[in-house]
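Note that chain A is present in both complexes that follow, paired respectively with chain B and with chain C.
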Partner chain A sequence: MAKWGMVIDLEKCTGCQACSTACQMENNRLPGENYQDVLYYTDGRQPTPQLKWFPRPCMHCEEPSCMHVCPTKATYKTEDGVVLIDWDKCIGCKYCMIACPYGVRFYTDEKPLIEPNIKQVFKGDGDLSWNPPYKGPQQDPKHGVGIQPNGVVSKCNFCYHKISKAPKGTADLDESNPELVEYVPACVRTCAPKARYFGDLDNPNSQVSRLISDKQGTRLLDHTGNKPQVYYVSGGGAASGAVPGTRSNKKA
Partner chain B sequence: MNQDLRHLARDAAPAGPEDGFRRLHALGLVGLRRAACIAETLPATACTRCEAACPHGCIALGEDAPLLDPAACSGCGLCAAACPTGALAVDGVALPATVPAQGLVLSCERSRAAIDAPLHRVACLGGITVSDWLRLALAAGDAPIRLVDDGACAACGNARAHEAPWRAPLEIARRALSEAGMQAEHLPAAVSPDALPNGNRRDAAVGDLPIESRRRFFAGLSRSLAAAVTPTATGETLPTDVPVARRRRGSIAAQRGEETRLLLEHIARRAGQPHPRSALLPALTASAACRAHGACARACPTGALHLETESDDGHARLQFDAWLCVDCGACARICPSQALAHEGHAWRPFAGAPAVLATIEQSECVRCGALFAAHDEEALCERCRKTENLARAGFALFSRRHGETPAAPEGP
Partner chain C sequence: MATQTQGSGAVSAVLMAGLAGLVVSLGIAFFNLLSGGHSAFNTGSDGVSWGLPVVNYVFFALTSTGLTLVASVAMTFGNKGWYPIAKRCVWLSLVTLVAGFASLALELGHPFRMLWAIPLNAQLVSPLNWMGIFYAVFLVLGILKFLRIHNGDWSSSSSKQIGLAALVTELLAGGMLGMAFGAMAMRPMWYGNLVPLYFILTAACTGGAFAVLVTRLSYDSEDTMPAQVRTLMRGPLPTAFAGLLGITILVIGYRTVIGLWSNADGLQVWDAIVASPWYWIEAALLIGAFFLLLQRKALAVASVMVIGGFFIDRYDFVIGGQLAPLFKGSWVPDLIAYTPSTTEWMLTLLAFSIAFFGWALGEKMLDLGAAPQD
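Coming up: the complex of A and B.
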């Protein structure tokens, strides 16, 4: 069984937020409710300020603290290493949001992010939070995929409706491979500078595994013991590595 | 009596297909209302009260499919009586809705005492809960409610530690009723068969009907009568593929608590008291560590806890209704700041309105505008703080590798 993971090359990322928009469209979310975002910060002071950014999807940790605190066991880890929410079990207590050190879980029911409340304009059927005019065909509450019901926490699912259909034994879900492109997560597929790689971390020959070893892939907040399955790399290895690498090198 | 009152309490339960009782086993006598079961909906809480109450070890509810061993089940109803949320129903322990003017005499169906009075026989007297006793007492008015104590209950297979299973709930009901102002002579009471008309007692009462034949009898009864035994349990077997319905705050009706409060208040008013002096209630305390996360309120299966966040003075208030609390401990277990401590049931002064456990000052996050409970005058809410820490950690990590001192990021 594969252990899906992601590698994000911070040197390539341009901060364009195309991934956030793709995520929002793929998962029937409203603007601003996307499951992943790109953090950006200004670093340094005049006259040499720098704009820095990095994308923040769910880290799909090996030891997810969100899963351990869930009182209903609605959050679970699949055999292929993805952390998912069973919306049929979630009671929306939000303890997982407090426990997650990366802040990648969302509860959007309390107040609308934009006025007028678009969810009221496109009212959902039954328990669903809304009925978007554009929407994907997939609806799988057991895996936290599709339109979100009311009163539950939601999160990035690595586009589980796509990756779970990939042929068994696939090492890398590469968007440039026409046979695999339909199984690639939306953010990876849409990334214009190709800063994201998605593949099997357990396969030593996969591109993600090679990138992690060649470029010293790093996990964020490793001291929490969560062991994320999303790795960040920057530059060509030990010689470079600042964010964004090239510009930083030139300055030095 | 007052049918309305009973319905008032019953109406607290939500309507819907998940509300119905389904048989745990096609041949079993026990029906489960899955959406009301704490073990089914909050597996981490590990409620095992039915399991602990079952004298024959034949029931187990929880994460895996709920189990019932119909061959071992004697249909005594002790599991249903122990369930704090009324999620279980057992055939054969239904009680009458009205009480005749000459009173009601309740008896075990295995009792051989010959009594010349209208008897209502139940599978086991231990299956009568405190709220059942209160309801009967209210329905009876001044008519006597009596339970036939033929002395065999303590030796019965349903008994624990040689104590008749009906004794504890009856004692609690008697105390609750006297706290509500009921006269001692009107309280439901256990009487020996000799005290009843033509009553006599046979010492071999239990031995006459071996438990094995009882089991076969009940299995056969269940098979033949299917759904007709009581209106509460339908003939269907519990489907395991149907998801446990998503539970919103308070959607498990804390029927018993709500009903008990209504009944006691009514009895107290009839006795000329504004309310009962005291009642058997659990207690919950919140320490100063409470940060108004609200996880407790959202996890509370009965809605006994409520976090009021939008008040005029900008304070969050954690409210607790002891009557709805079933003492499952889910709130104390889930609290991210470990601020809650719960104590079991004890006789406490009557509380009509929910108590305010904690009042927490809230401030507005300078970045996202959300209200949050600030420690040490932080400017950012937990979420924004997390984002900032993550960004700082990420940049520090990559900058350090390059031999630079990490610069503190400023706001976006």
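Coming up: the complex of A and C.
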């Protein structure tokens, strides 16, 4: 069984937000509530401030604190290493949002993050939070895939509706391989500078494993012990990206 | 001995005020929640996930723990001088727990789903799971204990065992509530293995405050109190209460200084807390109440001051732990701004109304001043 993980090359990332847009479309996300986002922040002070950016999906941790705190086991980890939410079990207590060090979870049943409230324009059918004008065919509440229902928490699912159908034994889900492209997560597939890699972390020959090894991949907030399965690599130069040390960066 | 109360004029006034509060708060809260869902709250995915309704829950659930502690002084630890307030405290511990649950239920996305989802899928490593189990077990044990003493069975072996089990489950529940926050290493404002102890200590203070307040309100004046109640209210109760409060004030002071002193990312929220007038109002209320209790004067006023001070303390604790933003990007400021909405305040009014209406109703109908006959 694969242990899916992601590598993001901060030297290649241009902060174009194509990944965020693709994620929004693929997962029927409301504006401002992308599972995947690129965060902008400033580093340094006048006269040499730098605008930096940092792509941040769910880390799909090896030891996910969000899973451990969930009183109903609605948040769970699959055998192939993906952290998912069973929307049918979620009671909307939001303890997972409290316990996630990365702030990558969303409770849609509240004021919109971005006005106007598009949920009022495209009102949801039944229990669904909204009815997006474009929506994918998949609606799989057991794996937290599709349009988010009311009263539950949602998060990045590594496009589980895609990766779970990949052929067994696949080392890397590479968008440049025509036979695998349909199984590649939307953010990886759409990344124009090819800054994202997705593959099996347990396979020493996968590209993600080699990148982590060769370029000394680091993990965000590693001191929390959550052990993310998303790794960041960079050249380490002054101009290249870096993993932010703190979460409360100054407003750009 | 018997300390039958007839119910003072204050009890009737509280009963009516509680009923009015229930009608107003339920009316406004239900209208807003049914028309707008949880958008009626000022909580959000980019900042404060647990808002004022959770503050209400923590405040009242811990008050329930504290009241059980006060009741246990007589019923578990055998100090007979405390019997005249024991039944009142047991009843109020049940009522305050219901008040907390009510606020929490209206905050949850799927409160009814919780009833089957938690028992069928219990996550054994989740503090929230155990907290729910212990409070639910206490609710059953507390009702059983109340029924026993209401029927005059104060000291049979089984009655004592139920009382002891209720006390243990309440302490475990309050501790688990503390652990729900204290285990969050990613939020330094909350993190620490002594948070359960802090919660139980402060629970005893708010439990003591409610016990003193409702006991005082149950009689028109101290002169009309039965002798045993008067003795308790003029000596052991305010003395023990003042001692607990004094220790707690010191602990709050040390927590503040440690928060201000440390440079850990996330603790910068202490600067904002101390800069707020509410922090100093809390300090003035608690310190003022401490001196009133030491002098055994104006006990009802002192109790109200303690209740007010600790409500601010719970607010600063629950909300403060969320104000330092997680990784949310440059549009989120250094500290997140949060002000509770009208609907959230209505849930606070609802919880207080349930607590006081429930107590006054019990005072009228259940002879809460009763004590053993020996």
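Going forward, the second predicted complex is superposed on the first by the 232 of 252 C-alpha atoms of A that agree within 3 Å, B and C clash if a C-alpha of one lies under 4 Å from a C-alpha of the other, contacts with A are read in each partner's own complex, and residues count from 1 in each chain.
One rule holds for everything that comes next: a residue touches a chain if its C-beta (ideal position, glycine included) is under 8 Å from a C-beta of that chain, and two chains touch if they have at least 3 such contacts.
Computed from a predicted model, the values in this text were never measured in an experiment.
*Asks:* Report clash or fit for the pair chain B and chain C bound to chain A in the combined superposed model.
*Replies:* clash
*Asks:* For A:V208, using the defined touch cut-off, is the partner it touches chain B, chain C, both, or neither? Pick first, second, both or neither.
*Replies:* Neither chain B nor chain C is touched by A:V208.
*Asks:* Output check: A:G151 vs chain B and chain C. Expected answer is one of first, second, both, neither. What do you get?
*Replies:* both
*Asks:* State whether A:G225 touches chain B only (first), chain C only (second), both chains, or neither.
*Replies:* A:G225: touches chain C, not chain B.
*Asks:* So, A:L113: does it touch chain B (first), chain C (second), both, or neither?
*Replies:* Once the two structures are laid over each other on A, A:L113 reaches chain C alone.
*Asks:* Give one of first, second, both or neither to describe whether A:Y40 is in contact with chain B, with chain C, with both, or with none.
*Replies:* A:Y40 contacts both chain B and chain C.
*Asks:* After superposition on the shared chain, which partner residues are touched by A:S234: those of chain B (first), chain C (second), both, or neither?
*Replies:* first
*Asks:* In the overlaid three-chain picture, which partner chain does A:V83 touch, first (chain B) or second (chain C), both, or neither?
*Replies:* neither
*Asks:* State whether A:L10 touches chain B only (first), chain C only (second), both chains, or neither.
*Replies:* After superposition on chain A, A:L10 lies in contact with chain B alone.
*Asks:* Output check: A:C66 vs chain B and chain C. Expected answer is one of first, second, both, neither. What do you get?
*Replies:* Neither partner.
*Asks:* For the superposed three-chain model, which listed region of chain B (117-125, 153-161, 261-269 or 351-359) is the one that clashes with chain C?
*Replies:* That would be 351-359, the one stretch with clashes.
*Asks:* If you lay the two complexes on top of each other, which residues of chain A touch chain B in one and chain C in the other?
*Replies:* 39-42, 54, 56, 69-73, 89-95, 97-103, 151-152, 220-221, 248, 252
*Asks:* Where on chain A is chain C touching in the complex?
*Replies:* 32-33, 37-42, 54, 56, 65, 68-74, 89-95, 97-113, 117, 150-153, 220-221, 224-225, 244, 246-252
*Asks:* Taking the touch rule as given, give the residues of chain C at its contact with chain A in the complex, in rising order.
*Replies:* Spelled out, the residues of chain C in touch with chain A are 37-39, 41-46, 49-50, 108-111, 113-114, 117-118, 121-123, 125-129, 132, 180, 183-187, 265-266, 268, 322, 324-335.
*Asks:* Could you please specify the touching residues of chain A with respect to chain B in the complex?
*Replies:* 10, 39-44, 52, 54, 56, 69-73, 87-95, 97-103, 127, 142, 149, 151-152, 216, 218, 220-221, 232, 234, 238, 240-243, 248, 252
*Asks:* Would you tell me which residues of chain B are touching chain A in their complex?
*Replies:* So the residues of chain B in touch with chain A come to 41-45, 63, 243-248, 293-295, 298-299, 330, 333-334, 336, 382-383, 386-387, 390-391, 393-395, 397-399, 401-402, 404, 407, 409-412.
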